[in-house]
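As written, the chains take the letters A, B, C, D and E, and residue 1 is the first residue of each chain.
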Amino acid sequence: DEIKPKFRVAWTVYVGWMPWDYAAQSGIMKKWADKLGIEVEIVQLNDYVESINQYTAGKFDGCVMTNMDALTIPAAGGVDSTALIVGDFSNGNDGVVLKGKDKLADIKGQRVNLVELSVSHYLLARALQSIKASEKDIKVVNTSDADIVAAASASDTTALVTWNPQLSEVKKLPTAHEVFNSSQIPGEIIDLMVVNSAKLKANPKLGQALVGAWYEIMELMSSPSPAGVAARTAMAKASGTDLAGFESQLKTTRMFYTPADAVKFTQSPALANTMQQVAEFSFMHGLLGEGAKSAGAVGIATASRTIGASANVKLRFDDSFMQQAVSVKP
Amino acid sequence: MCSVGFRGARFAGTSWGNYSSVAFLELTNVWQEYPDQVVLERLNLMLEAGEFCVVVGASGCGKSTFLRLLLGEERPSRGRVILDGKPLRDEPDAARGVVFQRYSVFPHLTALANVLVALEFKQAPLTARLFGRTRYAATKRAQAMLEAVGLGAAAARYPCELSGGMQQRLALAQALIAEPRVLLLDEPFGALDPGSRADMHVLVRDLWRRHGLTVVMVTHDLKEGFSLGTRLLVFDKVRHDPQAPNAYGSRVTYDLKLRTNPLTPMTHANRAAALRLASIVPGHAAPG
Amino acid sequence: MRKLINWRPAKGALAALGCAPFVLVLIAYMVASQARLEVNPNDKMLPAFASFSAAITRVAIEPDRRTGERLLWVDTAASLRRLGLAIAISAVIGLTLGMALGALPIAGASLSPLVAGVSLIPPLAILPILFIVVGLGELSKVVLICIGITPVITRDIEQRVREIPRELIVKAQTLGASTWQIMLRVVLPQALPRLVSALRLGLCSAWLFLIAAEAIAAESGLGYRIFLVRRYLAMDVILPYVLWITAVAYLTDYVLGWISRRAFRWHFLGQLQ
Amino acid sequence: MRKLINWRPAKGALAALGCAPFVLVLIAYMVASQARLEVNPNDKMLPAFASFSAAITRVAIEPDRRTGERLLWVDTAASLRRLGLAIAISAVIGLTLGMALGALPIAGASLSPLVAGVSLIPPLAILPILFIVVGLGELSKVVLICIGITPVITRDIEQRVREIPRELIVKAQTLGASTWQIMLRVVLPQALPRLVSALRLGLCSAWLFLIAAEAIAAESGLGYRIFLVRRYLAMDVILPYVLWITAVAYLTDYVLGWISRRAFRWHFLGQLQ
Amino acid sequence: MCSVGFRGARFAGTSWGNYSSVAFLELTNVWQEYPDQVVLERLNLMLEAGEFCVVVGASGCGKSTFLRLLLGEERPSRGRVILDGKPLRDEPDAARGVVFQRYSVFPHLTALANVLVALEFKQAPLTARLFGRTRYAATKRAQAMLEAVGLGAAAARYPCELSGGMQQRLALAQALIAEPRVLLLDEPFGALDPGSRADMHVLVRDLWRRHGLTVVMVTHDLKEGFSLGTRLLVFDKVRHDPQAPNAYGSRVTYDLKLRTNPLTPMTHANRAAALRLASIVPGHAAPG
């Protein structure tokens, strides 16, 4: 018989992306792929940035990432990418933590440990905006996400920005206070499954398979049934915590459990505004590449409108596959 | 100032090679110049098969350079060297055997393997190792050669388990099993104590006679030269420029025929010449 | 009173003297741990010994709940496989290249500067490039280690081969040896003991690169585990893993040394002179 | 035809031969870059040379938009400061400890095993502990480098000091020297050239640890920049940085070598023997 | 089998020390045993001040062990050693000077500094360095000592820039400037070529006479022993157990008084004894 087309997608550990691990472990991904006559390999990587780099270099056909990284790494690198699934947005999963102080305003003049140029950096910028301050008032110290917990324990560390699960570890420190978190900028830090636009166009079945598997798991994951608990427990294990810890992280994550939810979010004009802000932040920090003359150098297509250069659209929010899932049942 | 040695009947070796009896090794107007220095100049020399030629001279006068020339390690800047009628090959090969003062045996091989390896080089071009019957035959030959230099009992020992004298015996055995046309020795006993030195003299003289070798030996020890050689060459600078000490090279200043056979004592005339020489060549003891 | 420089501990006291500092370190740790745990019983920095034994039981004896594997052994096997493969590849390349560079003047003249240049590039700096070029699979880890240690081994062997007295090379030629035969019977055997000592030195860096590579992309391995649990500051797992790595590193080193002393007796005899 | 082993390139050809591989590498890069850029003009993986010169201008000549600093020089200064401090500290500790362990039997017996053990611990694995103990500031980077290279330097010096012929120590005593005087006038001067060569070797690892430390927590430095711009795959910055690091590493090594040859003439005279 | 040497009037050195004229160095029933081997057994020996005592014996018979014992590097397993009436200090000190075959000078110091350092050890306990006036005075003394051994012109050179013979001269100068009570020499000329060896003999004999030294010298070269010493000790195993070759140690098998002054020739009786000895001690050439 004929050779099935093969695809590889990458994922890294994060509460909103654990379903991908479950898709691979439970065989749900294989079921959908078989049904559509393709093969999809789901690969876990340890390092988030490296996974996006690999995707950008063409080693993977799809990869999980945030909206900001989708813009600044593959899209700015000329790889036309499509946000196939809008899985969730951070609703408290990212936070600014001060040690010994409890007001955001106290952050001024401090050295802030965070993963520079990541969504943490963006969150910090938004937090500073909210108190009419700017990055000039603080000093950013680039700190790897794997070491941020250890960094937080160090006595000379006074301020940091990070995400879960590290955030919950940091918050356990006796003197730590969370002074700002992503629930104060809802819908701005979005977790996506991004696939290569050209690959997707040539193989729509890849999109169908990924979306199909995802929403089957979403239904299971949101159900209070024993099967749902078992699925969540498996995800908790895989992310190195237990069910309680996982569910507490889920509380600060706004999951789109139904395709309809996700479609609605994707079509709202708010998404376009968010991406506008992200593009401006990225341009200001030189993330759009040196060729970029303005925040609009890299075009972003959303359902409501296209932001920036329409001749150079490299990031597309495409809800068509999720819409198919609204109607289709496995 | 240059005295040419006596010519006469030569000791005829019971050789295994098929040497012609005149001009076995011939140097014609050979110069060795380096960018900063002339080491040897206008060297003219004829050596016959079976001669035991000893080269002496002050330190740095170019004795080792002369040997390296004969080895083919260096090409003369001018002039030609003829070995047995053919121009000398300009790299070391099996036609010339050599024993240096140090580093003349392979430290990673036992005494036996050190001798055996010469046969392996010859008989196994690709693997450089022998197996089975050929190995057995070669081992027997190597062991016999070890016995001949008095190392029969030390076959399984590594060089660094041997005394300095034993190492040099081994180096000789190794050189001889390759059946060279001419054997070059660069201060082979320079690092030995007087006892071993005397033993080695006996051995070398004996090997020379039995194998009918042609030998060129460099030494610091004039006495050694007198007691071993059939012919003695003294290298020295003839011309000196105090402003440029490196401008001129050494030549052969004495070329002395000592005897026809190293077992015969020196002739009266030679002994007189030797004594005269000893008083001229600086830093050397009188011949015993 | 003898001078300090002439004080020699008696044979019997040697072992005791050597152990003493280790015991002191242990005691210091216990005191510090106790102090921290009294302030905050949930402190993860310096766990009590009970936590260690629990963690060790968990990773080494009980099968993992999710995968059913005994993590420590799976990790060790994965790391050692990578390390072994990388060491083998580096040894072969380093030996071949080093011998060529050291023994053949023409090869040395043309390639030595390149190798010298490459050996100065810090491999960690090109880690990002490496991942792009060779991907993230097993290969990338092996390649990182190889890139890290091969130039060093090559230069070490080259250096050693250059130190072989010119006399020996000349001697081999006067025994009728060709270039190939000299490489095989003179240069190679003398380079081998040095290769082993270069590998022993290289193992230190190899572990470093292995851990760095596993930290970024892996599903198992000792370095992977340490970086994974580092996110939660699980020192009760990290410290035993570090000690285990140290022990494995020591063992590898010891075994190499032992093999070397047996296989190259002539070399060690020579060193005594 | 001479044997390959006897082929010696002429003096004039040496430079050409040495350069050739570098030129080949350059050409290979240009071809590969061209090919990729034809497929995707925005490709960041193998930038064209024009992108490099633009990137270099940006980081080395124009002030940064955000901070107003010339990044390359700020980064270089930061990295060299850390490196220099760490090397100095390691040299002092390594020399003192190594001399004691090597020359005083009693010190060697009690501390050698500990130093040997510590030198096997991969420093990257104990980073979290380091952060807790010394914090995240400059100190942590310096300490990481020190932990990485001091044991190696110590063992190297110890080894070297042990190799000092027993005869010389006895001789000094027969000239009336005390332990302290022997350390000062016999052991120290003979350990110094070795220290420099140990440092030159150690610099390679020092750069590794520096980059690792800067990748984890920093606000400037060469390693920091590489790992930061890795976020957006800016190979046009990474590659020049890597080459710059290599050049700086080469220069440091060269300067150390030059100083050593001048200061320890006796040592290099001796090596010729 | 043990023949005790002749006793008689001793050469009285024009010493700078204040030596008693009897039993300057005394060994009583000294044994040296290692776990696996007995090296020396039942050594009884009296040395007077100003003696030049030469020790010969087969390789590995314990000559160096004997010197290490006198140096204080090893403690005897049994027995006592008395130096000048007091028990020997059990570590090397300035009372005993030493020159080994190799590694006797500091490679990192110039010739002058090598000699100077002995004075610096003595005069600057803390810094081991002299400055200003004291340094000037010490340098002058050191330079004079260098002249005395014929190294005046080589003061600024490093040991590895000196020939083997010059290095040993330097080692002697260095040892002598510390004014030892007794000078121990372990094959000091073993690595030298015959020419330098002869020069060194002249130097040592001269220094011994001028400084009135007490010397114990180990050598492989019996001839050297005969020409330099006032007394000759031969070490050898008296008892042998073929099953356990290491069970028994060496003793002094010959103790021969050669002359009262090294410049006088040997007496007729001694010459006869020496010749007899030479034929017994294996591997040694007859005395000249």
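Rule of thumb we're sticking to: a residue touches a chain if its C-beta (ideal position, glycine included) is under 8 Å from a C-beta of that chain, and two chains touch if they have at least 3 such contacts.
Given the structure is predicted, the values throughout are model-derived calculations rather than measurements.
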Set of chains whose contacts include both chain E and chain C: B, D
Minimum number of chain-to-chain contact steps, chain B to chain C: 1
Homomeric contact chain C-chain D: same or different residue positions, threshold half: same
Chain located farthest away, centre of chain E as origin (C-alpha): A
Interface with the most contact pairs, given as the two chains involved: C-D
Per Cα centroids, the chain farthest from chain B: A
Interchain centroid distance [CA atoms averaged], chain B/chain E, Å: 37
Centre-of-Cα separation between chain D and chain A, whole angstrom: 39
Separation of chain C from chain D, taking each centre as the mean of its C-alpha atoms, in whole Å: 18
Contacts with two or more other chains, residues of chain E listed in rising order: 91
Residue numbers of chain C (touch at least two other chains): 3, 45, 128, 132, 173, 178, 215, 230, 233
Set of chain A residues in contact with two or more other chains: 53, 57, 146-147, 149-150, 153
In contact (per the touch rule at the top): chain pairs: A-C, A-D, B-C, B-D, B-E, C-D, C-E, D-E
Complex contacts: residues of chain E adjacent to chain D: 71, 73, 91-94, 96-98, 100, 102-109, 117-118, 120-122, 125-129, 158-161, 171, 174-175, 178, 180
Complex contact set, residues of chain B against chain D: 90-91
Chain B - residues contacting chain E, complex: 190-191, 193-195, 198, 220-221, 223, 283-285
Contact set on chain D toward chain C in their complex: 3-5, 7-9, 13-14, 17-22, 25, 45, 103-106, 109-114, 117, 119-129, 132, 152, 169, 173, 178-179, 182, 204-205, 207-208, 211-212, 215, 222-223, 226-227, 230, 233, 235, 238-239, 241-242, 245-246, 249-250, 253
Complex contacts: residues of chain C adjacent to chain B: 165, 167-168, 170-178, 180-181, 184-186, 189-190, 264-267, 269-270, 272-273
